[in-house]
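Before anything else, here is the set of structures, which you'll find just below.
Both complexes shown next keep subunit A, but they swap its partner, so subunit B is in the first and subunit C is in the second.
Showing the complex of A and B:
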């Protein structure tokens, strides 16, 4: 593999990992607080659609992004109410939301776009950071990315700092591990969990917008194609830690990038097999490598005093 | 309050918190009714009562977990209506709960900071504060240790420090000594004394009389949700307080049960039959080792024999391999090594059904999870292991089942609406009696394994359970009694062995004078 090709592979790995990273970190925070947020897929799809429509209608991708973020919050709120206040089964309610969103966005897409299904949608700008972008060979190929990626990295670093060094991080950890202790210390388990689910919604909305107006500048029906589930898998693979989750997302991103790279290298593997690769990897990771005891003790369990 | 050596001077006359005719109902059940009491700065106020008397409910009302349905509370002279733990904490009321609420995979410092810190954490300052408290109250702790790596006694210290660091005016401890070793109990009582001496009010909930004798300034006795006695000089009036606590069931107490509760000076009761009958080993456990799915050795080369007509008590702080021992004996868990024999029959690795058929009765530790099916009726639960006997042509003969179950209810004093009552409608004590009835009436019972058979039972039920166990013993049944209540073992068992981290630390006769030795073994010092 030549250096140029490798740089392209690296760049596309990062590009393809970005939606997983954004959604995965949000999901990790939510799971650390004890809420298994299966609806991450639906939230991403909501945002991908709303951002695309917003950008197309206004001609401004930034307004599109904003509309995407706003559109996800009711979905996140629905998940939060179901899993905290109504104490519904989190897996069932999450999947229910996903199916609902898939139907709703498909219907709305056909109503709005109809025949103009290949309409060009204005997308978010790419930026090249000053020093890193000037490195020969890899400069443009790796570092010239949609600005949302860099914003996302800043958000992830901030999240890591909050989790590790602040009382909010402590409360989130405790809400997922021992909600009783949180309650008895005078904090509200419900408030922490609502906050974390809404944060997961915010991150998922950035992720969804990245898919439609950041990466390919169009919307297609069900375009998330399981990326939300991959984000959940990367949280498990990353053992509910930021570093591990980031690594898992990059790994899945690289596995996805491989399906474009291998044919370019002249290696002939059936395309269907390559599309399976990240999912297969996720299955192996979740099934074999991670013990159950790593998960937050109260994950998926609604709190009752 | 100026002279800490004199009790009357230390305790202020003005109450810090006063409860006035408090009533609390849960559905149709009245947990507390018309309870009034005063808590004064500088005193250790003990709340005495049996299980279910309403002690924990009372604490939870003070701490704001529950709200009263009637009556009022005044704190520092002003009306007090906490809407949650946060309110009570803000007012200077701290509570150590019966069940710990610590986050296992966080450090001591982080647990202390939870709910207290705002914004960026200052772990260093908190650790320094912990060190200061450690010196002041004699509560040594490593601030950076993870909770999971601490012993039960150390975890409780964390709970106490979590409260003290808030500098509370009122300090509530709900049955804090239930899980502690004897010397840890002494240290805890010492902490209570120091806290009270610094002018705070301490509420100590307990059902152990020795503790009341040692530290209580005043005592309030609860029975069935009502205040039935109070005392300003508890050490002198202890017998009257106990009578008040268990009134109604006092006739049911035989001598040894009474001594078990510390009701009268402890006397060892000799059971006789064991000594008379020829020795015959019934249960033989040989080199039993259990490794759990995480690779942790839970039971390590455990060897024990129980003779015909002998009661062997397994003592130890909970979590030292007792659960695994009973699970293996019941056939619910496979041992990694070692063998189990009943007489000359090898029971190692047999299924629960085969073990029951061989004549081993099991009263499991967790009666709800493995001892019964709460959704089924009492009759069905009593004959759960023998339902075939009530089956004809594949159909259950319900009339016969319920008739026989009614007889069992009579014999074992299981109180319920009737044999057809859902098992979940029975009280804990009656559930336990029903499980015991099932196991102890196995037709060919040769060995009974009873794990924590009196947990959560009131005094009358405790006496009944041990009465049945002793009766089985005198019929020649070998009995293995696993309990974390050392006092009960000392009065009921013939011999006591101690489990510590899965190992047999030693064995000795069940003689109350050996209490210190057994306590030391429970803490990991070999005989």
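Showing the complex of A and C:
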């Protein structure tokens, strides 16, 4: 493989990993606080749709992004109410939200764009960071990416710092590990968990917007195609740590990128096998390839005082 | 992980008035249907016309009635499996993949297993058994991961679903697998049509009312599962493991074996659903074969709150709703996605109402 081809592979791996990264880190924070968000998939789809419609209607992808972010918050709030206040089964309520969003976005898409439209939608700009982007041969192929990726990296670094060095991070960790202790210390478990689910919603909305107006500049029905579930798998793979989750997302991104790279190299592998590869890797990962899992002790359990 | 329901069997209610486990699902369906009507009005379709199209699509002819019932059997089988696994506090969301591998196995045996000439109905029974075995294997995989590494079965069954669906895509894309011989570049990526002998016999023998043997089979399975859950040692073991795995272990009940049994059986029923869909309805395997039936079956299982008659009622509801939805799209220009919205609302409402039901049942 030549350097140019390798750089293209690296660049597309990063591009394909971006939605997983954004959604995965949000999910990780939520799971650290004890809430399993199966609705990541639905939140991403909501934002992919809302951002696409916003960008299409106003002609401004930035407004589209904003509309995507705003549209997800009610969905995240619904998940937070269900899993905290109503103490609903978090898996069932999440899947319900995913079904609802799939139906609602498909319905709304048909109403707005018609059944067979492939409307071209204005998308977010790509940037080439100085220095990195100027590296000969590989610079622009690897680092020329949609700016949302770089914004996302900044957010992920900020999240890591907050989790590690602040009392907020400690409280989030405790809400997932020892909610009783949090309660006794005078903090509100519910408030922490609401905040984390809304944060997961924010990250999922960036992820969904990246899919539609960042990457392919259009919306297709059900376009997330299980990316939200891959994001959840990456959290498990990453053992509920930032570094591990980022690594898992990059790995899934690379596995997806192979779909386009191997045929270009003349290597003949069944297309279906390559499409399946990230899910297969995810299954191996959650199936114990990474060792016994250390989930937050209270993950998935609604807290009752 | 909390269970979806709390292991209430069928017919164990002391009084028949105001059963919340019955009332709440009915209210949820009613609420979702109202939202559906409001949405129809919102997209500017005359509501009366849409309702007329819906009714025509559900009860307009003997043919659509039979098609709806046939579809309901697939939902019900997946739903029974969900209920059975859920008795052990396991949530099987892998119906879609289990249907897919069932469809693959049934197609392979029906087309290439030399079964067409076999007597005594073996020509369609063997493909069915192959589908059951494939589905059971798919479910058991998730169980083994759960027992060996503590993998949450929700994630593993979901991932296995994606893998199963793409496996099917692979089978119908590749001429070396199940794709029909390529005579030109226009050859569709699908299997050959299965031989007539392997198609499920019709109960009436009349194609204008094509109810097939899947219906009595499903009813027999319903009775077996209901009895298994409420009257047998196996059912007791499932419930014991679901309520308290540690106590069950002390009582000598094997956690591993119970989990494998529960998920493999749920998978087997999903595989059988795939066989009914292929041998009784579609006859050729194509991409998109499972078409959301696994999720509909899951929702039926959820709605039933652990009752087998409840699964049947919900499956019939969804079977007819799909027919009505299809006709609404064709005759009244209401996208079928509306039916998906309604289903999502039903699941969310029920999940949110679980606390209410629990409190109500206690008081």
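Everything that follows uses one rule, which is that the second predicted complex is superposed on the first by the 299 of 305 C-alpha atoms of A that agree within 3 Å, B and C clash if a C-alpha of one lies under 4 Å from a C-alpha of the other, contacts with A are read in each partner's own complex, and residues count from 1 in each chain.
Following the convention adopted for this analysis, a residue touches a chain if its C-beta (ideal position, glycine included) is under 8 Å from a C-beta of that chain, and two chains touch if they have at least 3 such contacts.
Since this is a predicted model, take the numbers as computed values, not measurements.
Residue by residue along subunit A, subunit B and subunit C are tallied for touches, and C comes out ahead.
Touch criterion met: A:183 reaches subunit B, while subunit C stays clear of it.
Shared-chain residue A:297: touches subunit B; no touch with subunit C. Contacts of A:248 after superposition on the shared chain: neither subunit B nor subunit C is touched. Looking at the shared chain after the overlay, A:142 reaches neither subunit B nor subunit C. In the superposition on chain A, A:200 contacts neither subunit B nor subunit C.
Of the two partner chains placed by superposition, only subunit B is touched by A:305; subunit C is not. Shared-chain residue A:103: touches subunit C; no touch with subunit B.
Judged by the touch definition given at the top, the superposed model places A:173 against subunit B, while subunit C stays out of reach. Shared contact residues of subunit A with subunit B and subunit C: 293.
Put simply, subunit C touches subunit A in their complex at residues 1-4, 39, 43, 91, 93, 145, 148-152, 154-156, 158-160, 162-163, 166-167, 169-170, 173-174, 295, 298-299, 302, 335, 337-348, 350-352, 354-355. Of all the residues in subunit A, the ones that touch subunit B in their complex are 165-167, 170-171, 173-174, 177-178, 180-187, 291, 293, 297, 305.
By the touch criterion given at the top, residues 65, 84-86, 89-90, 95, 97, 101-106, 110-111, 113-121, 162, 294 of subunit B touch subunit A in their complex.
Of all residues in subunit A, only 38, 78, 81-82, 86-89, 91-93, 95-104, 106-107, 110-111, 226, 229, 232-233, 236, 270-273, 275-276, 279-280, 282-283, 286-288, 292-293, 300-302 touch subunit C in the complex they form.
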